[in-house]
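In the two assemblies presented below, subunit A is common to both, partnered first by subunit B and then by subunit C.
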Partner chain A sequence: MFKAIVYTQWRWSRLLVLAGTVTAFALPIMSVQGLNVLGEAAPWTARDILEHAESRSVWYAVLAGVLGLLLATTVWHSDHRGRHQYALSLPVPRWQFVMQRFGAGAVLLGAPVLAFAAGCLLAAASLTLPDGLQTYPVALSLRFALAAFVAYGVFFAISAATVRTAAYVLALVGAVLATQVLLEAAHIEIDLLGTFYERASYWPGPAEIFTGRWTLIDV
Partner chain B sequence: MSNAIEVRELLYQVKTFEIRDFTLNVPSGSIYGFLGPNGCGKTTTIQLLLGLRRARGGSISVLGHAVPRGVTRVLARTGYVPEHPHLYPNLTVDESLQYHAAFYPGWDRDRAKGMLSRFDLRGSQAVGRLSKGETGKLLVLVALAQMPELLVLDEPTDGLDPVVRRDVMTALLDYVSEHKATVFVSSHLVHELERACDWIGVMDRGRMVVEMPMQSFKRGIKRLRFTQPPALTQETPFEVLSRSAAESTGLGEEWLVSGWEPAMAQALESGSGALREIVDMDLEESFVALLSRSRASLS
Partner chain C sequence: MYRPCGECGRRATLVLLAGSVGSIAAAGVQAQTVEEYERRVAELAGQWERAVVAEHSVIAGEAQRDTLRFGTLTLVTTPSLRRTVESAGTNAWDGIRLALASDTTMLMGKTILALKYRTRMHDEDEAATWVVWVSDTSETLARRIARDVAQLLMAELDEDTRRWLGNELPLEGAFTVHDRALFVELATGELKAAHDCYSGDLSVCGLALGVLDAEDPFRRLYQPSERRELVRQHGWVLSNRMAPVYAECTVSQSDEACLEWLRTRSSRQNLLPLSASARRHFAQTALGIGGGGAYTRLAAGDLTPIGQRLAAAAGIAVDSLLVLWHQKVIAARPDSTLITARLGLTALVWIILLALVAMRSSRWRLD
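Right, the complex of A and B next:
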């Protein structure tokens, strides 16, 4: 049964998975490629290399988030179109069907995650760094994997919900924004957005994985 | 005879529509025609039977399991053909069959293959690109290849051309006669049900109007033409659904009655009435008469 679900998921998401896999493999290699070329022309200091690596690191987080988001939305797309009649009429408990759908998407997400790890290892192997700097391909790959799965999990939950639930979530976000605007207009110093961002982005917030150091090269 | 489907005092409400005090008995092994005008609640009832919607009250039992608690076991033994195609449009026919088969341990690959060629369907064609007739055939194929004990068919031939309709009905009836399965089929195509069904239930505005064996239904509803209508009393052994002046002559009256028995003719003759003619009615006329009666009593 799981195999059949993975297959349907593959049929719907294969272009995305293929494009994601190629991008995930290429991104770490491309991010250090310039470094080597520049390094040959004019020797770089350790500081320059770190700055260069950090400037590229944001794209790793963006890629992880985008992959999770896009894959999660394709998981339910066909079921939403049929108002979930097909899934509900199958002789499987609903929780089990949802878990299998989640698992199928996670399996497919494994391809770009592994490709990213391969890209990181290849990029690291191609570098010759000055003393004091090291590459962290495994740590970066694990961070990427975790971030991609967190994004996938969050957006899977949102896209599994009904349109009404999605509307409630949007209404809540809109209400927070409107309240913030009103508070600022009234010169009341309460930073709702900042508080929300901090709660989400720092431990134990779910987006904590996206903040912090994403560099392939570090001291 | 046990019932494959039993519904008691069902209550379901959504916005302005409700199903109330709804009772249904589908005997095992029967072909049960579920009739009703568009929008009367047939599809909603079917979705309640299969756990796709949740009732507010009452009880539903299908194949001996309470719904929604035991719905997974019900669905494993039930072939369902929904009103609107539910298969994933971006899979091919072959892929759809493989996907569906993965959920049904009793899936009969040979039957599926045989029906594929019998229905002239190409396995490589995308489901979303099938014509309406081909989609209808695929849905029936999928329902039958899972070897169900119960078939729940929601307007299975609605919008299909006569050739496809005949193919679909033949396949269904072949399966039923072969496996003694129970069939619960909803439709507003009265003539189609008249030929195939042995039980009938008529629903209108969320309520069951009548439920009885097809033969009783057809035998019991008559049009009586009187030159001299008898006086109606409490003891009149049949129910008068409607009465009007005779259309052809303008003399006498025409009555539409249910619960008619042949022996009643003599009793009428011996009383004050003069019965001129007893006219058999087809299912459609009976259906329309029952609905008119039901609506009149509700208003």
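Right, the complex of A and C next:
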């Protein structure tokens, strides 16, 4: 049954998976383009290289998030359209079905994650860096994989919910935004958005994996 | 005989302050010219100074002093602060004793004064006065004590050494530089000398730190473009005599002119390619290797070059000291923060939790 689910999900999302795989492979290679500068008339200093690498690294986190989001929503797309009749007609407990859907999506997400790792390894191998700097392709790939799976988990859970639950989540976000606007209008110094951001972005928040340094090159 | 009066000082201060405010108002009405304004501002500043000094002298005179001794370290404070300072002093002394070993005798006869208010009337012999803030914890106070002890020891050093150290003598808990920070400085340094030093050219390290000497250090340490930039950065110390040389270096881009300009600088500390932190780290390494008596040996021999002084403090030759220092720095490569066990574990827990949440969705709770 798992194979069948993987196969059907592959058919629904193959374009996305292929595009994601190509992008994930190309991104690390593109991000170090122009850095192979040792021996040129005016070679880059180690600091220049670090700044350049750091400025490009934000796209790794963005790609991990976007891949997780798109794949998680695609996974449930067909079930939503069929009003979940197929899932309800299956002779398996529903939690098993959900787990298999989750697992199938994770398998498909594995392709861009592996492509990213390959891209990182290739990019690292193509660089000749000054003493003191080194590349971290394995660590970066691991971080990319975890970030992509966290994003996938978040949006998978949201997509699995009913429209009512989604509306509640949306209403909560809207209420926080509206309250913040009112507080600022009343000159009351309570930073709700900042608090939310901190809770999500710092340990043990789910978005912690997306924050911090994501550079392929470091000391 | 002076008799403390709890309110007298404050009253006197208030009267003086009221007088100052009155004078300001009066001055505002009468003053006509800029000169008159300036004269009155100077008068009022003088009055303000006298008021502040009066206030502080009264406070200082009122306060009883408690003397706390920790080995050779003497702290003087007020009864209200005694408990806090005692706790901080105990913590600080543990670190100081370990760092200084037999050099703790250098602290004999010196006193650190800890008051709640900064006074200008303290005895200069007391060497240091610091303020205890209400929010200070025992840890922050312990650090202040360590810093003050470092400053006391610093006073034993000659002017050149103090400048070489950037006026901060490294002591455990005060002014110390992390090995990792120095690794980053060397590995990512923009100047070629920093990079060469990182790569293991110890003679460049020694020159860049200012502990070795060479015939023409600026030629060895900097590339022509770096020399030009250095002259440009330090051009504000331009004298009339050197103006043509400066112009020839920066405008005509003559490297010989840049070298000439650099050679005429009397003080080279600001022109060294490695920072004061790097120099402090080198001194810290030497003092650490030297153990007991290292600070005393560093303070001895005013006319000896800093490199030899540090070698004496460490008890080994400068070359060996450079080798050990370099090994220490290179071994301090920071771990990558890209992925840590905690980060990975947290992400995994979130993935599992989110999958469980998806399973418990109301859409799936029909049976």
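To be clear about the criterion, the second predicted complex is superposed on the first by the 214 of 219 C-alpha atoms of A that agree within 3 Å, B and C clash if a C-alpha of one lies under 4 Å from a C-alpha of the other, contacts with A are read in each partner's own complex, and residues count from 1 in each chain.
Here, a residue touches a chain if its C-beta (ideal position, glycine included) is under 8 Å from a C-beta of that chain, and two chains touch if they have at least 3 such contacts.
Fair warning: this is a prediction, and the values are worked out from it, not measured in the lab.
*Asks:* Aligned on subunit A, subunit B and subunit C: do they clash or fit?
*Replies:* fit
*Asks:* Should A:Leu69 be classified as contacting the first partner (subunit B), the second (subunit C), both, or neither?
*Replies:* Neither partner.
*Asks:* I'd like to know which partner A:Met30 touches here: subunit B for first, subunit C for second, both or neither.
*Replies:* Neither partner.
*Asks:* Who does A:Leu121 touch here: subunit B (first), subunit C (second), both, or neither?
*Replies:* Neither partner.
*Asks:* Should A:Leu192 be classified as contacting the first partner (subunit B), the second (subunit C), both, or neither?
*Replies:* neither
*Asks:* By the touch definition at the top of the document, which applies to A:Leu142: first (subunit B), second (subunit C), both, or neither?
*Replies:* second
*Asks:* Put down the vertex angle at subunit A formed with subunit B and subunit C, C-alpha centres only, nearest 10°.
*Replies:* 150
*Asks:* Now for A:Val107: first (subunit B), second (subunit C), both, or neither, which partner does it touch?
*Replies:* neither
*Asks:* In the superposed arrangement, does A:Leu183 touch subunit B (first), subunit C (second), both or neither?
*Replies:* In the superposition, A:Leu183 contacts neither subunit B nor subunit C.
*Asks:* Which partner, subunit B or subunit C, touches the larger number of subunit A residues?
*Replies:* Of subunit B and subunit C, the partner in contact with more residues of subunit A is C.
*Asks:* Quick check on the superposed pair: does A:Ser78 touch subunit B, subunit C, both, or neither? Answer first, second, both or neither.
*Replies:* A:Ser78 contacts subunit B only, not subunit C.
*Asks:* Touch test for A:Ala161: subunit B only (first), subunit C only (second), both, or neither?
*Replies:* The second partner, subunit C, only.
*Asks:* Check the superposed model and tell me the shortest C-alpha distance between subunit B and subunit C, rounded to whole Å.
*Replies:* Minimum C-alpha separation, subunit B to subunit C: 5 Å.
*Asks:* Where on subunit A do subunit B and subunit C both make contact?
*Replies:* On subunit A, the overlap between the subunit B and subunit C contacts is residues 88.
*Asks:* Over in the complex, which subunit A residues touch subunit C? Could you list them?
*Replies:* Within the complex, subunit A touches subunit C at residues 45-47, 50, 84, 88, 94-95, 98-99, 102, 130-133, 136, 139-140, 142-143, 146-147, 149-150, 152-154, 156-157, 160-162, 164-165, 203-204, 206, 208-209, 212-215, 218-219.
*Asks:* Using the touch rule from the top, collect the residues of subunit B that touch subunit A in their complex.
*Replies:* Those in contact with subunit A are residues 50-52, 72-76, 80, 82, 84, 86-91, 95, 98-99, 101-104.
*Asks:* Hey, which residues of subunit C end up touching subunit A in the complex?
*Replies:* 183-184, 186-190, 195, 198-199, 333-334, 336-339, 342-344, 346-351, 353-355, 357-359, 361-364, 366-367
*Asks:* Which bits of subunit A are touching subunit B when the two form their complex?
*Replies:* Spelled out, the residues of subunit A in touch with subunit B are 1, 3-5, 7-8, 11-12, 78, 81-82, 85-86, 88-93.
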